[in-house]
Amino acid sequence: MTTRGATGSEIGSRRLVERLLRSQEGIVFLLALAAFVLFSATLPSFLSAGNLLVLIRSVSILGILALGMAVVVIARGIDVSMIAVMVVSVSWAFVITRAGYPFEVALLIGAGFALVAGIVIGALIAFGEVPPIFATLAAGSVIYGTGRTFFFTLEMQNVPPDTDWFRLIGQGNFLGIPVTIIAFGALCIVVQVVLSRTRFGWTIYAMGNNPQAARVTGLPTRPMIVAQYAISAFIAYLAGLILASSAAAINARLFNSTMIYDILLVVVLGGIGLNGGHGSVRNVILGTVFVGILLNGMTILNIDYTIQNLVKGVVLLLAIVADSLVNPRDEQTSQQGDL
Amino acid sequence: MRLGLFGKALCAAAALALGLSLAHAQDKGLENPRSTTFHTALKGKKVVFVPLSMGFDLTEGWAAQMRKQADRLGYDFEIRDPAWSTDAGTKAIQSLISEKPDLMVIHNPDIQSYARLLKQAQAAGIKIVQINLESNTTTDSYVGADWTEIGRKAAEAIVERCGAGKGISTKVAIDTGVPTAASDVFQLHGIYEVLDAHPEIQVVSQQATEYNPEKARSIMATVLQQHDDLCGAIGIWDNQDTGTASAIKEAGKSDQVFLVTSGGGNQVGCENVKNGLFNLYISYNVPLQGDLLNQEIVRLLMSDATAGEIQTMYFNPLTLITPENVNQRNCWTLDDLK
Amino acid sequence: MASSEALTRFRYRYLSGRLVGEILSKSWIDSAIPVAVLAVVLVAMSVLVPGIFTTGYVSDLSRQLAEFGLLALALTIVVMSGGIDLSIGSTFALCVLASLIGMNVLGLPFGVSLATALGTGIICGTLNGLLIGYLRLRAFITTLVTLVIYRALYDIVFPRLASAIVGNTPDSPLWDYLGFGDFYGIPISFLVFAAIALVIHITLSRLRPGWHLRAVGGARKSAYNAGINVKRTVCLAYVASGVLSAIAAFLFSARLGSTGADTGIGLEISVLTAVVLGGVSLGGGRGSVGNAIIGAILVLILTNGLIRMSTPGSVNQLVLGLILIFAVLFDAKWVKNRGKILSKVYVSPTYLALPPREDRDLATFALNDRLSEVETIGLGVVEGPEDVVLDADDNLYTGTRHGTIVRFLAPDYRRSEVFARIGGHPLGLAFDKQGDLLTCVGGMGVYRVSPNGAVSLVTDETNRSWLSVIDDSRLRLPDDLDIAPDGRIFFSEATIRYEMADWVTDALEGRGNGRLICHDPRTGQTRTVLRGLIFPNGITMCRDGQSLLFAETWACRISRYWFDGPKKGTHEVFISNLPGYPDNINRGSKGTYWVALLGLRTSTFDLAMRKPGFRRRMAHRIAADEWLFPNVNRGCIVHISETGEVLDVLWDRDGKNHPSITSTCEHKGYLYLGGVSNNRIGRVKLPDADPEWTAQRDYWGQG
């Protein structure tokens, strides 16, 4: 027995590696570990507390948005309107404040708008039976257009003056850790609890795994869909507040950027497949951390910003290829028109 | 007939009375034919503004002033808003060429995209004023900043601050906007004119932000991580450089990095100078540009010359705004202009 | 009461409402809606923006359409294959860059630059194709990733070469010609687009690659099982998309001469809007070049019109987003509900008043049991022997619902064999002078079977009537036929609105949907001779050689039509107010006729036929298998004279063998019975019939 003990743990760890290699999540985890080790060894400024904090902080907003996206994706949906909801609701809150309303009230109004937007999108998908990709794509356009036409004229909205407490969210530190990271951590815990310990969360998994079966067994799929999109819109609003606070302004033109693809990158890289049914907050954290390590490492390596985008794209491509090899598309529950 | 003494006195009295009565009428002055022409010649004409996009300080400011003059002088002023899309802008101009307004005010997204179209428009008899961002085609008039001059001034300020032995290092970052726009191409030329004469200055990063402050912020954050002894930064527009400034501030290096930017001089930019986010702000003074634009519009609309026959340009003077001279005169708000 | 009935009759004669159902059932209805929307938008635009449609403007628009239309075609091809291509904008940008690098920066000749652009497009498309076709990745996320990658490539290369691109102008007259030359006023780029669109249309609709594409997109597993190389088809769809994007990019660079940082951003959304608006289904398998073009024109006119109206850019985005939502919403709901709506709306009943049944009929049509001693032939061997006929050798022929004609051999009719296989459901049968068996095959047409069993087509189409929405040039339900002395074949088509499978629904309508058609073998021409008949069914020649009798089933009457002679072209009622629904009529001995009544009238159904509103509500509100139907389960045989008097009525009182009969054939003293829902043929002895009489001799003399 004792002689086998040493080899036993060896076998154990080899089996662990094999098991990890079998899932995409595992592959990404190993890659992240490898990248971390590589960068720590070769780049002098990588493994310092300051740098690691910067790393997490730079992607925590992305991580928060990815949490919202993850909730929707696990239920076999997708939400590409998050950026539009984010910028329009936050910009509107700022415009209302400058028009004379108290800042807190304006923030509530912004939150209300985000929720309403999410509910309308969810209703379109649930009751109008519009495929989520088109509904959210078009809704993003509509929300952005509405915002620019009716709510505010200037695209760039600075944080209103005399709101110092707000500034703390994005730029403050608590016990040495930036508040942004704390917010991300808190939201992670909340979402994980909801997904794993409440009936709401279990329904989400059921809907993602086999929507027809979920409907047939009596789960309230349609109200659930509305709820999911409302949640993702609200999370987008929160992310927008943190973003505005850290940059001291919110720019509506973010809508035209490729930020939404970065969110998808985090979600898919982390291991949440787009056909839904599986995934958890752990995947989001993994994806966020991996993207953070990647970006940070590339920055320290002095790689040009545009080349970083290319690397991000190629990494995402490799991730989805790996995902499809490891989790081949289930022909039984996939349907015609399942893009 | 011979008038007696009495008759002469009567005549004189009558003349006096007449003269007095005539003198009662006020001196009503003379009609000024130039004033009449000025106020009536432009009635019914049509001016169309094709900006880069509405929704930011420069174009809103110019538009407000142009609209005021249009109301005052009775001509029609319209805006075709492409919302940052070059394609939509080309479509707008093409459709305008068939609509034939009297004058177009064009704000070019880059120096080539509209070049052919402007030639066509001039050939079709439409007069064109280009505002602030030029194209390769010279038209009836240009009003706006001299980007090369801005570039030179920005680089000179940097050299002063970051030349050999003057600053923490000689590293400089440049963030450009849209590589093919006049503000980039010509400004870069001016910057490098100066920097080439000072070879010790090291440009560690030159990336395009496409006028997006979030992108500018990410780029600057990355650069600061790569070179934490950065001495100076040149940004080509204040709207995007709020992002650059906020990255510098987040890294706590506001005192170390000397940020030069340029813009229309609006209140928000001035606030940012006052609170230390921008160290030098080169303003091309939107209200002044608006007035010049208005003057060019009137001149061209009243002129009998055909479109493109006579070409003029005016590069307006720049104001260098530093924390010391931020004042009411140098800064403006949109409400002031409306 | 009388006036309200007259009103009802009047209303249903002129405002039948059947057009809605017929239009909805057309196959082009999917495309009709986008065309209608396009028409509305064109009208709205010309009202809101006066002077919008000038020649110069239309010329500009056609140049834009050339590029945008090619992109719409590219996306259509991909969507039809069941996928989607979000990277189309980035591919476009890369190809623009490639063209401009070729022309402006490197100064390459026109052809080489074109090749560079096409090559770039092919590479981009092939990457997508390999990933989605061969590695079976999901189209959406894959093209999203390639969008990011291609965009990043563009962002890397473009700023470095920007000054070189805008600083140089190429020296190529062909380039300028492509960019803004025109040919008699039509821009060259538009001509290029039109040519390509035509080629693609032909490929998609008439050539094998197009069919493969549709098959793969519409039903992937079935396509795979049918042997189509699914992976290769999908891959080639993306390659084609890449090529078309490259051509569009080349035209774009020729027109503008430069490119910007925002080239191609957001293009995928507007192209997707165009494709969906045009009517291409997102599920795959359905779509055409026409759809792509209509959608492209719609989006272009909308965006241009909105810009022209000086609306702020954000309003344009708002409007386009709303339109996309409505288009997809409509597409989803329409595809789901079209079948449902159609089945409800298609049935359009009309007013049909049958004369009330008379008391004298009660006596004449008293129930008896004359058919109780019937012999059965082919019990369980045949299914659906609608008509029976015997040849000169006494062999019995009948059609079955399996599409065959079965022959029972004389004299005992115990042995049977399949005489001919045709398909459909052979209904009416008749022998012509040469001994060929002519048959009306329900669902197919009129066919001829020679004595050795060789099948040939006589006719399956007739002349199309101008005013009919339904394409009535095809024969749907030819029912019975008979042959005139000069060889002309007269046959009835029971209804043009229903197929063989739901012929009974025609009863609910009570509308004159049927017609009488004549085919002349000497000239090969087929013409419709009588229209608007209410389910014309049995036909038989009268002995004067100039007229024929035909039955109108739901009208419960038999009429006589003259096709020759002084009364040619006229028709008059022969017998009306029958107590049941007449089916086939055939000649009998001694100058008589036999009529089979396939079912009996009921007061309920007769009343329902006078209440078309009731029947319409019924069709809308209740499921089809709960509808009120005429009684076609219980019938009888009527023997009538030359002048229309009822001589005899034969019933099967207990309903054991032949409760419902659709045709009879008298042959040498026996009467043979057939029924469309029976599984046997009956043979009953006629005691006072001529034992040597055969139909053959009656028609053609000997032989």
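Each chain gets a letter, A, B and C, in the order it is written, and its residues are counted from 1.
In this text, contacts are C-beta pairs under 8 Å (C-beta built on N, C-alpha and C of every residue); 3 or more make two chains touch, one makes a residue touch a chain.
Because the structure is a prediction, the values reported are computed rather than measured.
Asks: State the pair of chains with the top count of C-beta pairs in contact.
Replies: By number of C-beta pairs in contact, the leading chain pair is A-C.
Asks: Work out the mean Cα position per chain and let me know which chain is farthest from subunit B.
Replies: The chain lying farthest from subunit B is C.
Asks: Give, as an integer number of Å, the spacing between the C-alpha centres of subunit C and subunit A.
Replies: Using C-alpha averages as centres, the distance is 49 Å.
Asks: So what's the Cα centroid distance for subunit B and subunit C, whole Å?
Replies: 64
Asks: Roughly how many whole angstrom separate the Cα centroids of subunit A and subunit B?
Replies: Here subunit A and subunit B have centroids separated by 41 Å.
Asks: Note the residues in subunit A that touch 2 or more other chains, in rising order.
Replies: Within subunit A, residues 148, 256, 304, 306 contact more than one other chain.
Asks: Counting only residues that touch at least 2 other chains, which ones in subunit B make the list?
Replies: In subunit B, residues 54-55, 84 touch at least two other chains, as defined above.
Asks: Specify, in ascending order, the residues of subunit C that touch 2 or more different other chains.
Replies: In subunit C, 155, 159, 265-266, 312-314, 316-317 touch at least two other chains.
Asks: Which part of subunit A faces subunit B closely enough to touch in the complex?
Replies: Those in contact with subunit B are residues 45, 51, 54, 58, 148, 153-156, 158, 171, 246-249, 251-254, 256-257, 259, 296, 299-300, 302, 304-306.
Asks: Mind pulling up the subunit B residues that touch subunit A in the complex?
Replies: 54-57, 60, 84, 207, 211-215, 217-219, 221-222, 225-226, 239, 242-243, 246, 249-250, 268
Asks: Help me check something: in the complex, which residues belonging to subunit C touch subunit A?
Replies: 82-84, 131, 135-142, 144-149, 151-153, 155-156, 159, 218-221, 265-266, 269, 272-273, 276, 282-284, 312-322, 324-325, 328-329, 332-333, 336
Asks: Residues of subunit B touching subunit C in their complex?
Replies: Checking each residue of subunit B against subunit C gives 53-55, 78-88, 90-92, 94-95, 97-99, 109-113, 115-116, 136, 176, 178-180, 184-185, 208, 210.
Asks: For a test of understanding, state which residues of subunit C touch subunit B in their complex under the given definition.
Replies: The touching residues are 51, 54, 56-57, 60, 64, 155, 158-159, 162-163, 165-166, 180, 256-263, 265-266, 303-304, 307-308, 310-314, 316-317.
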